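After this come two complexes, each holding subunit A, first together with subunit B and then together with subunit C.
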Partner chain A sequence: MHSIFRPPINWRHRRFRYRLVVWRCLNCGAVHHNATKICRRCRSNRLAEDQLPSRARLLTYTVVKNPPVAFERQAPYIVGVVEFEDGTRLLTGITDCEPEELKPGMELERVVRRLTEDGESGLIVYGYRFRPVLKKR
Partner chain B sequence: MLKGLHVDGHASLSTSVDVQFNTFIGAVATGCELPGISGVSIHGYGAYIPIFRIKASEIARVWGLSDSELPVLEKAVNSLDEDTVTIAAEAAGYALARAGIDPGRIGAVYVGSESHPYAVKPTGTIVADVLGVNSRLLSADLEFACKAGTEAMQLVTGLVASRMIDYGLAIGADTAQGRPRDALEYTAAAGGVAVVIGRSGDGAIADFEFASSYVSDTPDFWRRSHERYPMHGSRFTGAPAYFHHIISAVKMVQDEGYSLGDFDYFVFHQPNTKFPYAVAKMLGVPAKKVESGVVCNVIGNTYAASSMMGLAKVLDQAKPGERILMASYGSGAGSDVFVFRVKEGVLEKRGLAPLVSELIERRKYIDYSLYLKARGKIRE
Partner chain C sequence: MPMRRVFIAGASLLKVDEYWGDTIDSMVTEVVDGLGETRPWRIDSIYVANAVGEVLQGQANLGALVAENLGLAGVPSLRVEAGGASGAAALLTGYQAILSGLANTVLVVGVEKLSDATPEEAVMMPTLSERYDYVGFQGATEASIAAMMYRIYLEKFELPQEMVAQFPVIMHEHASKSPHAQYQFKTTLENVLSSPVVSPPLRRLETTSPADGAAAVLLCSSDTLSKLPHERAVELVGAASSTDFIFPFEREDPLRLTAAARAFNEALAKSGLSKEDIKILEIHDSYSIIASLILESIGYSAPGSSGVDAKNGAYDHGGKVVVNTFGGLKARGHPLGATGVYQAAEIFLQLTEKAGPCQVDGAKVGGMISLSGLGSSAYTLVMREV
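For the complex of A and B:
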């Protein structure tokens, strides 16, 4: 079984998956998506909860045509790397668009989508994806 | 955040319950009337429509049927990564953006739908966590066919009016099911609408002036447990079901002292393009007072969101001081009716989230094969 289908792991990571709630090191600025007491980069114990912004810039992307287990039905789908204002980079699924609509540097916004499910009887996993901005500021 | 309801002592609680019980029994004997609502307003509203559309003519083509007199032009289709949870969360996010309040002040999240992703595990708690709403919260999933969303509005208005909560979210969202080749396949669509309801005051978008409901045991449409698709009574869904319940609900508004001339907009549940205009004609309402809220022709029937989508579209264009009558319809059957008075807040808030017209314009057409994939109908 994919670990994300196990209830404790699904539950523990939900705030990061739903709202990009992270733990930021107040010493070196490193961002951790799991709750942690020690910064994995500088070993500082000065960490605080933070939330990444809802918008980011697209750095690069690719199209997945040979998907891993649990994502077979969604192929082909787009996976990309986005960068937030503070320089934090995130690997993410990109939705609601075709690859030819994407250009590096364009602004994307976070949405919560149904990522995968453990068959017809197991847990459904929800989490972030990014899409072209629906309403410009 | 949810506030406690204080009761002075056991004796007073018993007396209160007895009084309420006797009142209820008496009300049943004489015809139950829900009380009018005062001091409660819509502070935010948000709609969400998935990006995919399929034309009704494409569905007709696949089944070799005539494409004349189709019930809608096209309908909205959720993608593989969308369901009632994601649609409800997106609509609610827009409603909170318009309301301009911290999610922590929300004291109730009710989600009405007939396509909750889980049979047992609430949609509302997932939506609340996605939005960052405080866990001191009332939450439940509601089901009453296409009026489950307005049922959520009834509950939240009651909680706000009784001051148990400051603000509550009422959401109607669906990814409706239609059996392949059934008449419902042309119209069963996906979409969601949320409203933030709170005490009247500065920034209100619309005040509730009246709310009530009319229900009866009418078997026009149903889905049994473990069944993938609903069944319906074809023409029986018309006169004894949709038309009787909506007309009866509107009559309750007239009994309250309103005349139909008092309203600038009428929003009716829209299972197809024909029905809202037909019920308007029966009531003697001009078609131009209905058309502002009709969206079914271009996005289909979004079920629990259907009448709320019409309300959102009307709020996108209404002027302060105008009055709206909304009557939903849910099979099984019932109609919730509301009277709203539009307030100044609508002018500054409507631009804070996408308009319904913008969501309608944002679309990508898919053919029937991609529709089957998007709806998860391709199985190994």
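For the complex of A and C:
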């Protein structure tokens, strides 16, 4: 079974994947997606849970036309790198728009989406994605 | 006590290809048999380089498997995995074993069979070198991350894509004379720029494709070299490795391959040679943009100018250093875990004047750079004729 469809893996990552709960270093501010005792940037052991903001700016993006296992039916789809106000960068799928609508620097917001599923009766994988902020009329 | 010296007494490689009828076992025995008279007779240690054998062939424990296949059951043997740099990592491990005095003769074998993969699995294999529970679950691929590096590179230096896309053209030109290359044909800039888009701006002909391959190198100490039947040998005068943050956009500068720079500078310092001594350089051009970033990160070109330098012939025959003399990852092919051993075998062929139509005249020193992922680890080996 592909690791992406293993229920325990999805379960243990649920807070990061649905709400962007991360471990932040209290010394240098570096962000970690998995629980850790050692900061990967400064080696401090002072870390605490934090949540990344729900908005970020687009740094760059591309389109996946040749998908990997588990994403066969989605291609083509957009992936990008977003940057939060504190400088933290995050890789993310980008949804609810066409590539032509994207401009580096534009504001994006976090949503939760169905990412893929393991056939008819297998696990459904959910996770964060970002989309352009809807403009108020 | 004088510093021990490490030599390459022999090298062998198979044409990079799709070997539907072959197994890891048959490819390993064929490539080691190809060592000819330097075929190992007394080996202290075997290092097997392989990246994804347990994923695609369902086979782990390749150390014992390869020792048994070679009739060398009893000899210490282990598998080395460092993604696309597995081959170079195995070479470095063998080099260290001999330098330490614990081994005199080491066989390094790289083997990979990617042709067993479905197209989607073939996309997944290199991506396994990224953080899969982060990048993988979003459906991002290694190629898509390379494409984003490519995009910010072109934007930052305000360059047309052809500046980077010419690297595959040079690689195919070199491979057109290489009997062991996967793609022995020339191509044009127009072909590269009109090939299908993988992830914009990255095009199909700026990437590698799934390949099978096996290569072997016999490393030995000075003592063993004098007793071993061989024609000409090459000295391994420096080797080093370094690591970096895995996701390039979390590095201070996503366009600087710091691990490659550190490994290259350290290996060069150990060799006592200078950059100008290196006349042939085998680099890890897994994507066209990575060729540019390597050459700029290790200081052969200023940031943003590898394309102009390449256009002026700096990296071709007659230039300051000939890059990827048999076609590199792009055209010789990229059998993931075996690739680093191919690079070393090719430098051996060059420095012993056995490179045939690919021969670079007067080459006395060669260097190689191998990466895993998009520069998360890097290995450099420097070799000199003896």
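One rule holds in what follows: the second predicted complex is superposed on the first by the 134 of 137 C-alpha atoms of A that agree within 3 Å, B and C clash if a C-alpha of one lies under 4 Å from a C-alpha of the other, contacts with A are read in each partner's own complex, and residues count from 1 in each chain.
Following the convention adopted for this analysis, contacts are C-beta pairs under 8 Å (C-beta built on N, C-alpha and C of every residue); 3 or more make two chains touch, one makes a residue touch a chain.
Since we're looking at a predicted model, the values are computed, not measured.
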item	value
Superposition on subunit A - do subunit B and subunit C clash or fit	fit
Subunit B versus subunit C as contact partner of A:Arg113, first or second or both or neither	first
C-alpha centroid angle, subunit C to subunit B via subunit A, nearest 10°	150
First (subunit B), second (subunit C), both or neither touched by A:Asn66	second
Touching partner for A:Leu102 - first (subunit B), second (subunit C), both, neither	neither
Partner chain(s) touched by A:Ile4 [first = subunit B, second = subunit C, both, neither]	second
Partner chain(s) touched by A:Ala35 [first = subunit B, second = subunit C, both, neither]	neither
Touching partner for A:His13 - first (subunit B), second (subunit C), both, neither	second
Greater subunit A contact set [subunit C / subunit B]	C
Minimal inter-chain CA distance - subunit C and subunit B, angstrom	12
Shared contact residues on subunit A - subunit B and subunit C	74, 93, 115, 129
Residue ranges of subunit B in contact with subunit A within the complex	51, 79-83, 85-86, 89-90, 117-118, 126, 129-130, 132, 353-354, 358, 362, 373, 376, 378
Subunit A - residues contacting subunit C, complex	3-4, 9, 13, 17, 33-34, 40, 59-72, 74, 77, 79-81, 89, 91-93, 99, 115-116, 125, 127, 129
Contact set on subunit C toward subunit A in their complex	118-121, 123-124, 127, 131-141, 143-145, 147-148, 151-152, 196-200, 202, 245, 247, 249-250
Complex contacts: residues of subunit A adjacent to subunit B	14-15, 18-19, 73-74, 93, 95-96, 111-115, 124, 126, 129, 134-135
